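Structure incoming, see below.
For clarity, chains are labelled A, B, C and D in written order, and residue numbers in each chain start from 1.
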Amino acid sequence: MKRIPVGVLAATGSVGQRFIQLLEGHPWFEVVAVTGSDRGTGKPYGEVCRWLLPGDMPERVRNLPVLPTSPEAVQVPLVFSALPAEIAQDAEPAFARAGIAVCSNASAYRKDPDVPILLPEVNPDHAHLIPVQQSRHQWTGWIATNPNCTSTGMTVALKALQDRFGLKRVFAVSMQALSGAGYPGVPAMDIIDNIIPFISGEEDKVEWEPRKMLGTLGTGGIQLADFGISAHTNRVNVSDGHTVCLTIELEMRASAEEVKRTLREYQAPEIACNLPSTPLPPILVREEENRPQPRLDRMTGNGMTTVVGRVRADSLFDIRLVVLSHNTIRGAAGGSIYNAELLYRMGYIPKP
Amino acid sequence: MKRIPVGVLAATGSVGQRFIQLLEGHPWFEVVAVTGSDRGTGKPYGEVCRWLLPGDMPERVRNLPVLPTSPEAVQVPLVFSALPAEIAQDAEPAFARAGIAVCSNASAYRKDPDVPILLPEVNPDHAHLIPVQQSRHQWTGWIATNPNCTSTGMTVALKALQDRFGLKRVFAVSMQALSGAGYPGVPAMDIIDNIIPFISGEEDKVEWEPRKMLGTLGTGGIQLADFGISAHTNRVNVSDGHTVCLTIELEMRASAEEVKRTLREYQAPEIACNLPSTPLPPILVREEENRPQPRLDRMTGNGMTTVVGRVRADSLFDIRLVVLSHNTIRGAAGGSIYNAELLYRMGYIPKP
Amino acid sequence: MKRIPVGVLAATGSVGQRFIQLLEGHPWFEVVAVTGSDRGTGKPYGEVCRWLLPGDMPERVRNLPVLPTSPEAVQVPLVFSALPAEIAQDAEPAFARAGIAVCSNASAYRKDPDVPILLPEVNPDHAHLIPVQQSRHQWTGWIATNPNCTSTGMTVALKALQDRFGLKRVFAVSMQALSGAGYPGVPAMDIIDNIIPFISGEEDKVEWEPRKMLGTLGTGGIQLADFGISAHTNRVNVSDGHTVCLTIELEMRASAEEVKRTLREYQAPEIACNLPSTPLPPILVREEENRPQPRLDRMTGNGMTTVVGRVRADSLFDIRLVVLSHNTIRGAAGGSIYNAELLYRMGYIPKP
Amino acid sequence: MKRIPVGVLAATGSVGQRFIQLLEGHPWFEVVAVTGSDRGTGKPYGEVCRWLLPGDMPERVRNLPVLPTSPEAVQVPLVFSALPAEIAQDAEPAFARAGIAVCSNASAYRKDPDVPILLPEVNPDHAHLIPVQQSRHQWTGWIATNPNCTSTGMTVALKALQDRFGLKRVFAVSMQALSGAGYPGVPAMDIIDNIIPFISGEEDKVEWEPRKMLGTLGTGGIQLADFGISAHTNRVNVSDGHTVCLTIELEMRASAEEVKRTLREYQAPEIACNLPSTPLPPILVREEENRPQPRLDRMTGNGMTTVVGRVRADSLFDIRLVVLSHNTIRGAAGGSIYNAELLYRMGYIPKP
């Protein structure tokens, strides 16, 4: 199969590098364009980018010239955006207007009523917002986003419970990895022998994005799911992998065993299955009393599986559990690539 | 003033060492006896004990012989117990029977209806269980305990809110320090680049002990406070200082500002004030959006103050906040010493 | 090809687990027997062993019964030994006497004049000690060892320099990973925000083992290489990967460029090439001023490559450089497996 | 005693904050002026400075206005400089020219033949360069520096050995704390589960500064001490406290016991004794096989004492040992304050 040429916007940052790493050898997509800040424009990627991931930068991208982040410079049918929100604000619509499909990790348009926040195993039907978005803006391209990294794992787990038992209220307390703050991100002096009980803007996202993804797409757009979320978000001294403690009030009572079975048996909608990045299994339920742990479990299913553990009854609500998800793979670059695979299968990205 | 000779039971462990460190130079108490496991009995403390705290072991205790943990060997009016629960089970009553006052950090008797769990700034009146305990068991000594380290800080904060607004439901998620697991405790391989979302037995303690301390002492003993607690407890890579995220449903609605004012103005009962270990202030409320942090705030008030931050309204309950407390000072040895000071002032420990 | 059935001695510990992990899917060897301490004997491996590595225990070994560490129980032609030195002392000769080949990671016999310490890319000819050993002890099996984890990487690098320039004196200062201390190993309380400038017995090994491996096998056995090593060994807060700073006095003067070229061009003897575990390349020389780093470089060549960086002239001796090697892969289980592959090719292990 | 009004240049950075912290309550000096970058000028220090140290910013400095770094703005007889080297280059001579004494932690003038690098317990006589410096430049003020933080501890230890045994060659390998890189300094992503075997410019300083401090002041200036130093410098995941492994060739042979005794008995020149910051003892020799350790030993003598351990014979040179010194106290702000105390006693700073 001929591969689709793709671009990575903000390819030199930490999420950008994950895009490059995960797209290396991808069966459908081939990186042919990378963009960066003005400072690096024109130089080879291998010279501009200080590679932060274990192992070496893929050979093939070393010589790609760093381009400016504009649709004129990046003439491909699909781009992955690792742009900062404030730059994505203007740049992503410019790409969509120029007929380019944008799979974005940025938060800029997640709250836009016409832009879906997609998790293929949760709400692939929200992709049908794309034609609405195109017609409203007179775009030939489009923007689709993946959720914030902390919302990702918890939404997958909540989806399984919502389908079966209904959701009323959710308390979420996160312990988030350093890579979630980008690079250079958190100074080592601030986190050694420490935790930081605050991440700017994060609690709002965690309290809202899952409700959009778990909401219903109707003629008037997406109706937010009718349950409440309250969050504390914390930074801990972990490189990768966000852990979230959830306490959940269900519509229907359910035992811990029923909840475990429901999570274990959860299957993604068929359209999200057997894609190159489909996690196997979508949810892994661990039985050990002290799991999931980020160092041990974050790479489950190549970093794409949602790992759940400590499922137990709660004394005030119904159920308590712990969710772990790899924040820069499942929660960022990998999630965005999985979305592109879904949207290609759905026909929103033209065949090469 | 002549000082009261005291003993430290299990003086070689990590909490035992904190007792030794904090009692060095204490104006009222003087360590004259230390006990340890059989292996070390008879040898000088300075030889048996591998000192784990920054700085050197106090000179004065180096030559104390390590004694067996029995009232015959330790003939003093007051002992501090850092015993493991399973040893405390038999040993502490033996001391009480022999006429010795036991201020214990062990969990063995916290659930005993005759044994108070004391925080001087919260429930000094619970000390009146002591005569009940003595008469029931025909003891001339007694046992009083301090709470589990995680319960400590949150109970101080909840007390202020209970007094003013009433409590209905509390969700607590802890991020607990390594020193809470004793020594050797957590293997470094298990916690590097990691968190462990489980601490054996901890959630039960956190859900129960605050209700006893915030309960009412009547003729039939202590009536548990009538509110519910649900907890997740986690181990993080922090040396000292337990952080707890609390989400609180109050009896009466209250704004974040009212809650902050209430916490800030909280005063310990007069009998708990102006003791050598009285924390100043009892509760410190920080305004920065990213505090309290264990590395920066654990030593507030010499490690005895309860530090609260991020007080803000909650979307599902009423109030969210973060509590930090030094787990081996306020939550263990320091708390036990503060209790002894209170109980001395109340006349439960004879004057020297 | 039919695979050779092998046993892993002390399979439940941290190096034992690495053996299990690395032998999973090995083209020549198949784990059919695992041994453990008395406590676990008879139970399935999956029940006895608390798996410490990321990912799950290979399915295939879960149901193997844990056997006692004796040749009667473990009837296979080849065993890998992860035994503690004091147990290896008696156990390994018992296996050799029973006709079993022992590839050992234990230090017990490294100083034995008849037992080779092998690194296939350095001294495969030392394997010829095996018949000497067999005839002296009247054994039909044999013992071959791999070096201490810290000696491993530095010996590979020194070999390349010895061949070309000769060696006179070497100063070595190590910064060693936690996994080198086994499990539970270093308590987290001891290493958080800390280094420990001492590892028991390590400096002796680092000063002696490389001289044996770089020595000459003659009729009278191995003559130690005629150069001196002086070492400081330190423990640092790193999970895997030992880093060693070397300052080297050569027989012949050489520039940093010549040294880099020599390291880069180093080729293992042909007999060590194209084995399943042969590192590619044997030595990787990095040019960045701040590499090698354990987190980024330890998995080079699947954790088998010796990574060298910061090659530069020295003001007192000739050359300074930094060597990194994965301590539980290249420096332990992986090294031992590579040795077994070499010895199979050399005919010391019978074909299946 | 009336205190001398002093200024702190670059008071908002990490070393600047240490100056503020250590000068709080100083018996001789009182901070009346603080400078910062343009961005903060005119605002109160308490508003501009994000306080990084445990505990709170001293009350007294909160309301000091942040001044520009110029002698016109800061009219005091003495300033402490925490300026970056490139700014110190122009700024420090401007202060000296304006008649202000500059005790500098910056590296800009350490190599200047007229500027002393001072450690009061090592080379107080080098202060006599000050009049030479003044006359050459026609300055009424002057500049005196303290050494690089890594050079500090090792020079104190080497001084004791130089006096008694003479020095020939020294190999130094450092493991340096995060705070040595300033703030924000090292990104947490770069150092978690890692070491970085490189610190820009550090090896040059470590190889040269001790030779100047241990050199002889004659009529032609300072003659460098006639011995060689070779260094590897590494960054490790430690908050404060630089550890250096030294291997030393002496002029006269000496046993480990003689070296320990010599270090233990080392006394600072009388003029450096009994100053407010004089470390007690100047050198502490620890006997435990695994000390010094940064977390346990860095605060020895209020962070001013040089702690030595693991003194043992070396197989290639004469002696091996490990030196620990607090890098932001003894090796930066505290060292500079100690210098000012010395220079005040010597009459180089006018009485208030």
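The rule we apply is simple: a residue touches a chain if its C-beta (ideal position, glycine included) is under 8 Å from a C-beta of that chain, and two chains touch if they have at least 3 such contacts.
Which chain is which protein? Per UniProt: A, B, C, D = Aspartate-semialdehyde dehydrogenase.
Quick caveat, the model's predicted, so the values are computed rather than measured.
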Report task. Using the contact definition stated above, find the chains touching both subunit A and subunit B. Result -> C, D
Report summary line: Farthest chain from subunit C by C-alpha centroid distance is chain B
Requested in this report: Find the geometric centre of each of subunit B and subunit C from their Cα atoms only, then give the gap between the two centres in Å, rounded to an integer.
Outcome: 48
**Report entry** Inter-chain centre distance, subunit A versus subunit C - centres from mean C-alpha coordinates, in Å
**Finding:** 41
Query raised in the report: What residues in subunit B touch two or more of the other chains?
Result: 192-193, 237-239, 295-296
Report summary line: Per the touch rule above, subunit C residues touching subunit B in the complex are 14, 52, 178-179, 183-193, 237-239
**Report entry** Complex interface listing, subunit B residues touching subunit A
**Finding:** 169, 171, 173, 175, 192-198, 200, 207, 228-230, 232, 234, 236-239, 243, 245, 247, 289-296, 309-310, 314-317, 320, 322
Report task. Note which residues of subunit C are touching subunit A in the complex, please. Result -> 53-55, 192-193, 239, 295-300
